[in-house]
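Consider the two complexes below, in which chain A is the common component and chain B and chain C are the respective partners.
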Partner chain A sequence: MTTATTTPAERPLPSPRTLVDGGTRTVRRHPLLLVLALMVLVFQLTTGSFLDTGNLRGIATDAATLAIVAVPLALLVISGYLDLSVGSTLALGGLVAGWLAGQQHQSPVVAVLGAVVVGAAVGAVNGILCCYLGLSAFIVTLGMLTAVRGLAQQLFPLPLSSFGPGFAWLGGSRIAGLDAPVVIAALVLVAGALFLAVTPAGRHVFAIGVNREAAYLSGINVRRTPFTLFVVTGVAAALAGAIKASVLDSVVAGTSGAGFELTVLTAVLLGGVALTGGSGSVFGVLLGVLFLGCLQNGLTLLSVPTFWQQMAQGTALVAGAALAYFGPRLNR
Partner chain B sequence: MTEPNLRIRGLSKSFGGVKALDGVDLTVPAGQVHALLGHNGAGKSTLIKCLGGAFPPDAGTIEVGGTRHTRLSPRESIAAGVAIIFQTLSVVDSLTVAENIFLGQEWTRHGRIHRRAQEEVAAGLLQRVAASCSPRDRVGELPMGQRQLVEIAKALSRSASVLVLDEPTAALSGAESAALAERVEDLRAQGLAVVYVTHLLAEVERLADAVTVLRDGRVTHHAAVSGQTRRELVDAIVGATTPSAGHEPPLLRRHTAGTPGPYRLTVDGLSGPGFGPVDLRVAEGETVGLYGLIGSGRTRILETLFGRRRASAGTVRLGERTIRAHRPADALAAGIALVPADRRRQGLFPLLSAQDNALLPTVRPLSRHGVRALGAERRIFGALAEAVGLRPARPRLPASAFSGGNQQKLVLGRWINEARDVDVLLLDEPTQGVDVGARQEIYRVVSSLAAHRGTAVLFASSDPEEIVALADRCLIVSSGRVVGELTGTDLSEAALLSAIHDADDSRPTPNAPKPATAPDGKPDNPPPPASKGAA
Partner chain C sequence: MNRTPYAPSASRRRFLALSGGAAATGLLAAAGCSAPDDGTSTAKAGDAAAGPRTLTRIGLDYPFTQLPLYSTLVKLSTAAAKKKNVSVLTTSDASNADTQATNLTTWVSQKVPAIVSFPMVFEATEAVAKAALDAGLIWVTYGGTLEHQSADIQFSFLKGGTLLGEAAATWANEQLGGKGKVAFLTDSTIQLGRERTKGMIDAFTKHAPGVDVVAREQAIDPDTGLSKTRAVLAKHPDLNIVLGVTDAAAYGGYKALQQTGRKSTDAKTFVGGQDGAAPSLVAIKQGTFYRASAALAPQDIANAVVDVPLAVAAGKANAGAQVPITLVQHGDTARIDALLAQNS
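Coming up: the complex of A and B.
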């Protein structure tokens, strides 16, 4: 990093006191951290197997696809936009990748590239309509949610499966002891955090989300940056679809990724990203993703029926919103 | 005479130690139009807001129709019979005229709105204010003057006895203004007490029975209008009985020594919707003011130069180079920056830190290989904060936590920091919503920019005091044209006030060629004065 002026000499080692202070500040900014820790504790005590390596690995793999889409979506929401079409894009990406690998017998690289191109195309359509033509992102992407799903079902009316051992690498291989999807998700998280912290475009994302008019009058390109984020979100959704297809070794056009857009959005909002734009962090998004992953996994381990799980997930979002609203008031 | 409709006694109101109103008395009997004059910040709006219940006064009483109040809530104010028509109208565009008039007091029958009865009554009220619209028209489709009449009709429907009009002609055309004047006379004849807030002395002479002038929260002048001379009113507003040639403005002005620099900004025949053609020149290191009332086109001129609006004709030259700004980014690339008037909507990023606010356009130019130069950003912000006197000088504090004046310093700082230097700085109402102390600091920063960096500064203001404090030269703008120019010792608050009122007298017939100081209507700006004192 080119933080050239801060040499290690200028930055003394943090004393234990500042570490504690930093810790409380992080918790105050992300109360979800505390809730997450508490939840892990409760699940471990009630199930006895929650913290087993195998279970954690399962949580991480599930959370990975969520994180890969949640990060670019969070950036999009910070810049004042929204993408509801990611669930359908995920399905289409998975279908295209699976079709290329399984039926066209292409290499896994080509399969993934195919998914990426499809995702970029969906994202570009969203981006052109929302950023350049100025249509409402909510309406455009709600329409695309249905339209892309319809396209997927038209192109692939039958379920696809058996994509071959090469393609299974994407979801199943291990890199440095971690599953490939987890490694990809980690890379996306780090890239997203760095983008916000150290790139000029990261500042522009915040500025556009807070006050688009003022950003425009400051000479910022208020169209290109969010357009790019739409494309990246589409690519991420399609990539997540390919990973899911690889893990499951099958894709069904009608059901793959159905409702995924709302789960991702829930994670993003739980992570403290403001739906009105202009504020949020990648660390918060990571917490949101882990929270949903742990909640789902723990409740499944406890054999809680699915509809109870859904109720828990929804309640968590509303409780999170209430906490974000009333929390700062209670502190004073 | 019977009990007056409105009697205000000893009204005082402070905001954080600053006395906005200090023992103000105002009495308006029924059937009188009382003009309220004064500079921006003299206390007129505070007075109106106390009357409307927006602020509780600290001391004093408000009597409406014989009932004495020490404070009013908005609801009590309406119930007491006070109706205030603000500059920004409070009609709902998507509703019809009748629905607007009865908004919040709908007539219902069996739980349903009695539309026909409402429309009948509305028609009667509209007739009383001689509005030409129908009760069923959508307000959003009406011209400004009609919307205002709808609002007045709404006030009448609540049987108001005191009508306050806050600069009612600011957004109206000449013909609409003349029509409104007739309506005000009708309402006076119907026995209303009218408080008429204005900047225009011509309107006072035409309409008012009595006049009160506020300055720094105090009544400096109060008299019946008959026998008033314009001179006396101007003196009361400006606050100096003899504004002599040696009248020194509150801030030390820069005295350009020797010959002026070459023209930085040359504008010829610039036109667009609502203004033009405009010619103007700003020399290197010169500060030129655009003085005009709201709606005079000063903001449009600045926004067009900045590429925020499209010009329909004309050329803009920066030095020798002709530039075409289709977007603000084009203007910025050429070296022109704008600090907009509406800080909340167009300038500030409230959630973002002070540093992000001040350095937003600087972050990318400073970056290397797509990575921000965080150290350089911190250093430049520190230097900027010191140069503009930012308080508190905390880079990570969100901009929303700063005072109006310090927020303005952050927005201004975008274009004047070490890494970002502009050739031409456009400022629109540079100290709107800025406290007195910060105002002086902003003047100092702008003056030193012009003096030390040779920046050409063009600023628009409706405050004569500000023009005198900041400008080397002032162009008077009315109806979208430059109608006059004041330089050197001629540039005084009194001269500005009379110039704008003369200009306004010609407003009902905007095409009539009788501008104040430029008989041909196209002032050919002389080169800037060599020295202030020499003119």
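Coming up: the complex of A and C.
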């Protein structure tokens, strides 16, 4: 038996036509990309400062924590599950990290590890109840949203602040010219994309989301993979909480991460991930995150009054979601 | 052969049913399923005009359970009440006006003898306040005035905003020659926020008319304060003043300014908020450009929560109280320490 091999040097370079076709396919698959580009153009033309480096840096830093949670949550949704408890897990993670760094004077590494352990614990509870006991993910994680928030407020009824310069590194330092949260978000995005594209477990996520019974009969472990995703989502939420605590040098149990679950779910759905499971991509999630970040920032730059901002955001979200849904179908 | 995971086994169903039943039984037992005691030692509840009586229970309905002040207030009120042999009941409204209405109706039907309530929507609370009075209960309105009430605990939220606005305007006139740029972090969603916002903006623009108002953005939490101020700074990097309707939002603005490279002791920057929240008080004490907070003392509020219903029960005329709001600034170290101690 022989195997044909091709060295990279022998591969033909893509022609300009191929590149254009590839770009067109990407836009057809992700029409939100076009909307995002138009939105950026409009904001730049109307404000004159949207594309300033400082503003883009602010958008990226704000969007980083959203992306860190959105990627694992998207994988979970693709596998047919859901986690609505991420907002409260974010708060608890931030509180534990802040408490360890500020009041227990632990190193930043220990503080972050503490948050990660707490996030993993919340994710594991969700995973056991949903994947092994078969309870509804919607009900379980909605309940955990409230329960974890209550736990956070009971454990930390007062605001925590002044975590020290060591812990501030997590949210305030720069790596290769980029803010640390942005670098962490980029790593999460790349890891998520590689996981989906090149690992068998990534393909299992799609298979479970499309048809769980068929996946089970194909020999895929339909419990372990989503369970792991629940744990990873909990870890990501807690890590995001630690980053937010570091950026703000303070954290309040009652308000930190309040409503975050809806924002992150919106980003995931805007990115074309099907709530019914079975389809979606990390690139789409990135677009959803950037869309939300740019919209919020642009409306603030334009000094749009509060209630108009709310209406504009709601309308844009519905339009974006409709485009993400109908766009690929119209092009078939 | 493995079983399919879609049909829970009978033993699992039994386990869930049994554990659910046991949990429910335990909760009911813990909650105490007996008829509620009316909490007064004399006369029947419902007879508010029947002369002095002794209170043994006060219901404190503070709806914003997510705020740090909630925990502090419950702790301090409970301690203050204990000294007078009174117990304090609390609601868990979670900032939801519907939940608040349900909880208050429950208290009225259970004849909790004195209710101190901070209405989220004042107009919507009139009916339940009237029902409480009709049932002979004491109704104390917190943070405002209702048509139907026994007394009220007043805070001038407008005054808090005014104090902050005036202080910032004075600073702008002295340090910036009356010029510069200001961003307001506001709230238009609840009465308290609207009053604070109005006081803050009106006072500032009146006393420092030469300062450009470059933004009025809705923000009550640090996250939103941070992102909104960042966006404003992208357009106006020379922003001098950020005033917040809450200390939490203003603290987000403070961090945004720091993260864009502003030194925390910058002489040309002023950040101020309202509430007297611990992180802001610490920043003021440290001499940073977080320069002022219109603060309420939690102990003053807790004392009023206990004393006002007791005064009504004792038949005292004009039993209401006015809780003072004071501006805390650099140099007010003793006052800051006292506030921090109450918040600890």
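Note that the second predicted complex is superposed on the first by the 309 of 332 C-alpha atoms of A that agree within 3 Å, B and C clash if a C-alpha of one lies under 4 Å from a C-alpha of the other, contacts with A are read in each partner's own complex, and residues count from 1 in each chain.
Note that a contact is a pair of C-beta atoms (placed from the backbone, for glycine too) under 8 Å apart; a residue touches a chain by one contact, two chains touch by 3 or more.
If you're wondering where the values come from, they're calculated on a predicted model, not measured in any experiment.
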Which superposed partner A:42 touches (first chain B, second chain C, both, neither): neither
Partner chain(s) touched by A:311 [first = chain B, second = chain C, both, neither]: neither
Contacts of A:296 with chain B and chain C, given as first, second, both or neither: second
Touching partner for A:117 - first (chain B), second (chain C), both, neither: neither
Partner chain(s) touched by A:172 [first = chain B, second = chain C, both, neither]: second
Contacts of A:20 with chain B and chain C, given as first, second, both or neither: neither
Touching partner for A:278 - first (chain B), second (chain C), both, neither: first
Larger contact residue set on chain A - chain B or chain C: C
First (chain B), second (chain C), both or neither touched by A:216: both
Contact residues of chain A, present in both the chain B and the chain C interface: 213, 216
Residues of chain C touching chain A in the complex: 4-6, 8, 12, 16, 65-68, 70-72, 186, 188, 214-218, 221-223, 226-228, 230-235, 237, 248, 251-252, 255, 259-260, 277-279, 282, 343-344
Complex contact set, residues of chain B against chain A: 306, 308, 327-329, 332-333, 338, 340, 345-352, 356, 360-361, 363-364, 367-376, 378-379, 414
Complex interface listing, chain A residues touching chain C: 47, 49-50, 52, 54-55, 58, 61-62, 133-134, 153, 157-159, 161-162, 172, 212-213, 216, 222-223, 244, 247-250, 252-256, 258, 296-297, 300-301, 303, 305-307, 309
Contact footprint of chain B on chain A as seen in their complex: 1-6, 198-204, 206-207, 210-211, 213-221, 278-279
